[in-house]
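Notes to accompany the following structure.
Going by the order they are written in, the chains are A, B, C and D; count residues from 1 in each one.
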């Protein structure tokens, strides 16, 4: 089976092709890796290559193809897309091209202070809110230059990860 | 909901009645136990009684109502039957009344030696086979006096837990 | 006769630590819990447990009335406050004692004397202990702080008068920063300590944080059990601690210990406590503050000196003598890494959530103190520390190698943690050579540890095999669309391929 | 320069233990595995792994050719044999050395000298070391053993000449028992050691098993690192070990250590080894045998003496000196419980299977060495030891309390284990007072630990709540009939209510 591998920050896509029995053979960037793969339990793989190299990988593949993997004390993050999904993304121009339209909470927390108001022109990196989480104050910064269209939260309010905190005016850069 | 509690080795049955919100109320042998129960994750319960007593219980209820529970470093074993199952059992005279008709392997292993042959009269406690498992020789003993009808395994053979090793003649006591 | 019961007015890792000391003494532990902690490990390991309110600490773990009522309801006769929360609240200690409880800690008067940073400074100056130049009373206004800065020079360190443990501290580099910093520090001080008083002192740059563990009992004996190196701090929060400090010679150790014992005796100290010093580059040291409670980093001292400090605290509180007549011999070297639920790849943003798979490091020289298990939730409401990895080695080099082993062996999934941060930190040549100061991490940028190429390739292959397997099962209709397993709480991947950074 | 690679010719807990020593030394570990162990922890923690055959040990872990081929294929330059399997096979050691590998263990000649129980007895007699009366050559027939018994009296102990670790031993109380016992011991000896030679010695009843750890290096230095009390044995298999022995006075310790060093020097011993003694009630002690390898119970010595024996073995094998010039100071007391996959409620029958939930004990003074994690399978084919719980305390009493804490805190589900056995054993007044001998457990019947009544009631209530929840979900059609969760591998309950027994 063939997948596109997209690495955030890299423009060129990679490709991985795998076949599997318990024996696997994979082609990644033209190099061939083969051996024996065992899914010890869901998401935990032990790979033993033909050369005898053993690597244990914890892997979590999200529904959208986002992958989190951990191996040898290191965390990896990339996207894995099958042929179908990759074509669909190609048609819409991919995911990363869009410009941020709003500021979302990266973590759950409580809004301590709101530092921007509708109509304000803010510069990229400027603090727009202070969120409290786990007893720490965390500044939320503007991801780009823009004009604030609305502030969706008020001081004291609890928010969840992914909640929209603030919206930009369209094209207000 | 009402359950019969059957404890191996005890003739009198007990009864437990539970209602649950997250708050629970249970009646066991006439005594009432109430408080707050949380299933922390499947099979792991934390009970906090009205008196403030906290007990963590790991519990595994089998399809047949057999229960394994672990709490405060102790293991418990009993049967839990709902009203329907209990009535069905009552009709057939229960499970424990039957006399052993055969000897089964209590563990997986390999037959090292067979010490009895068809037609042999064996006494309760007499070794009839030697099983090897985990590098130990384990004698399998006759559960009662009787006459061997057949031996179902041969030396060198691998067996699974529950496999019949040897059969008794009917009523040959 | 049923065993005595000890109520633990705390949560998380330290509550579990105290439960274990209770078990070692045959004492029955009593937990308290907020609504966020109903299913927490410290509850499940206790013999008794009492709910004390909603998740925010100020409505539960900081409510003295509820905690004292819980002790009464469960028949507890001892109370251990742990660290943070009410542990350095002299008024709470006094109320507990008035309610007939044995307070596992120093006398309220000792707490009060050391609890106010300004008062403790005055007492220490009177006792001849060297202190850093600083305000002798809390600041009434930002203007007072600015004036202190104009007189003594910048940078300053703003501190909560009732603070400790690195909470409620902030550096001010110049006068214009004063008003905002004053407001923020006051706000954090109020939310964490229910006391918004703040003061300023001169920041001695390039200094180390070195502290001495002391232990006193009712016979008047006060022992010093060596020092801990705690210079590696982020946002004024210690992240890695060592015992002993490689920067402290036997002679310096003896002098610091003797000053620490004098500081303890000046306030009639009974129980375990820590005298914190700033160790300047020129070898002078200044009293910073005294923590009148058990410290997060106490295990490194325990491993080197072979002493159970929490057990000693309980024995001493029960009226007994400490179990040693003199300082025990030191052996080897210990290091602790505080594992936080935070994301090094996103500026150490908090990462609460449900823990999926958990592999704790094991084996020779490794101790793990943790308040969570696999499947447990790390709530948003409290300190993000999920575990402490503590290692012992016969020397500092062996301890470093074992800590690298522990961090590499560990897996904590479902949340982000500071493990990748520590793996890189332990390879830094300055950290290895102990060329650090309390500012070291301010100037240090985390770069993820680079694994061999084939590890990165293997992660892609395993992901592809997983995806293929999932797709095969979906076609067969044996599983729902979402992947099985406990890892789905992990957020989407970010950062470049190969390594997350 | 890539790090050197060390092949571990073993599996399970000891393989994982050696992997950790490799990590601590910056050495890259290479695993070998049978088909039953493809997914085992020792494989997953290694950098390289090579399959060596089907599950039975004689087709995999005992096949020297495959192990040496695996070393060659992965470029390993060192080989550690662990314990059991080929660890005391002088021929294998010689072949490894001939293949250019560094053998992490004593010289083949030392193994050979000590490996045959009869030869080692002769060497020890020659060196003036006291030995128990016994046969000087292996028995050719049951008749020879009967003759030895008639001459020296019964009971006798039958032993595999190539044996060790308690395997292949059997007591014979009277002459009629000889033929069957001879056959059985031969059969076990052959299957475990591929060597069916058997001999007999007089059984000194009421004696203790006390052994001395020695460590020798190429400079000719041989140190003794105190003794271990290993009298608690079941089926001649040690189950609980302590360091030091409460039955050994400082004077006796010095004498035993000096004899152990003499024994080691008599065979030019290099590496870690153990000299086992029978300590009679009258204080005399007899050489039993010497194990020319790392011992299962080595961690108790490590904790008391602050030494990593496996690391020392590897250093010494690499041609280095041991890291100490003299015996280090002892500190405190350590105990080890061997946690087996076996069912105390059914005569300790083996209980292989898949482990469900696993809670390992943690915190101060606790070390866990284990070859399995939650979800792992304990195969039928090997030794049933799944973990070693090792605790350290400042004295024997604290160590006992901590071991009780560790055992109570632990949960191992899906299989039966010896944890309930140890919980009762540690409460036995004779065990607490150390009034034990190697026969102690022969006469000891396990009674389960009795918990408070409300614990039994809570287990019924939790079961009823679980059943109600399952029934509710079934009616809603959200789950299949079988209960979810990892516990379903547990067999049906047996034994009376309240406690399984």
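We take it that a contact is a pair of C-beta atoms (placed from the backbone, for glycine too) under 8 Å apart; a residue touches a chain by one contact, two chains touch by 3 or more.
Model, not experiment: these values are computed from the prediction.
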item: Minimum number of chain-to-chain contact steps, chain A to chain C; value: 1
item: Label of the chain whose CA centroid is most distant from the centroid of chain D; value: A
item: Chain B-chain C separation of Cα centroids, rounded to whole Å; value: 47
item: For chain B paired with chain D, centre-to-centre distance based on mean C-alpha positions, whole Å; value: 31
item: Contacts with two or more other chains, residues of chain D listed in rising order; value: 45, 408
item: Residue numbers of chain A (touch at least two other chains); value: 41, 53
item: Chain C contact footprint on chain D (complex, rising order); value: 16-17, 20-21, 23-26, 45, 299, 302, 306-308, 310, 323, 329, 331-332, 359-360, 362-370, 373-374, 393-394, 398, 401-402, 404-405, 408-409
item: Chain B residues touching chain C - in the complex, by the definition given at the top; value: 36, 38, 40-41, 44, 46, 48, 52-54, 56
item: Contact set on chain D toward chain B in their complex; value: 167, 184, 187-188, 191-192, 235, 341-342, 345-346, 349-352, 357, 380-384, 407-408, 411, 413, 419-420, 423, 448-452, 454-471, 481-488, 490-500
item: Contacting residues of chain D [partner chain A, same complex]; value: 30-31, 38-39, 43-51, 70, 73-74, 375-376
item: Complex contact set, residues of chain B against chain D; value: 1, 3, 5, 7-10, 14, 16, 18, 20, 24, 26, 28, 31, 33, 37, 39, 42-45, 47, 49, 53, 55, 57-80, 82, 106-109, 112, 132-138, 161
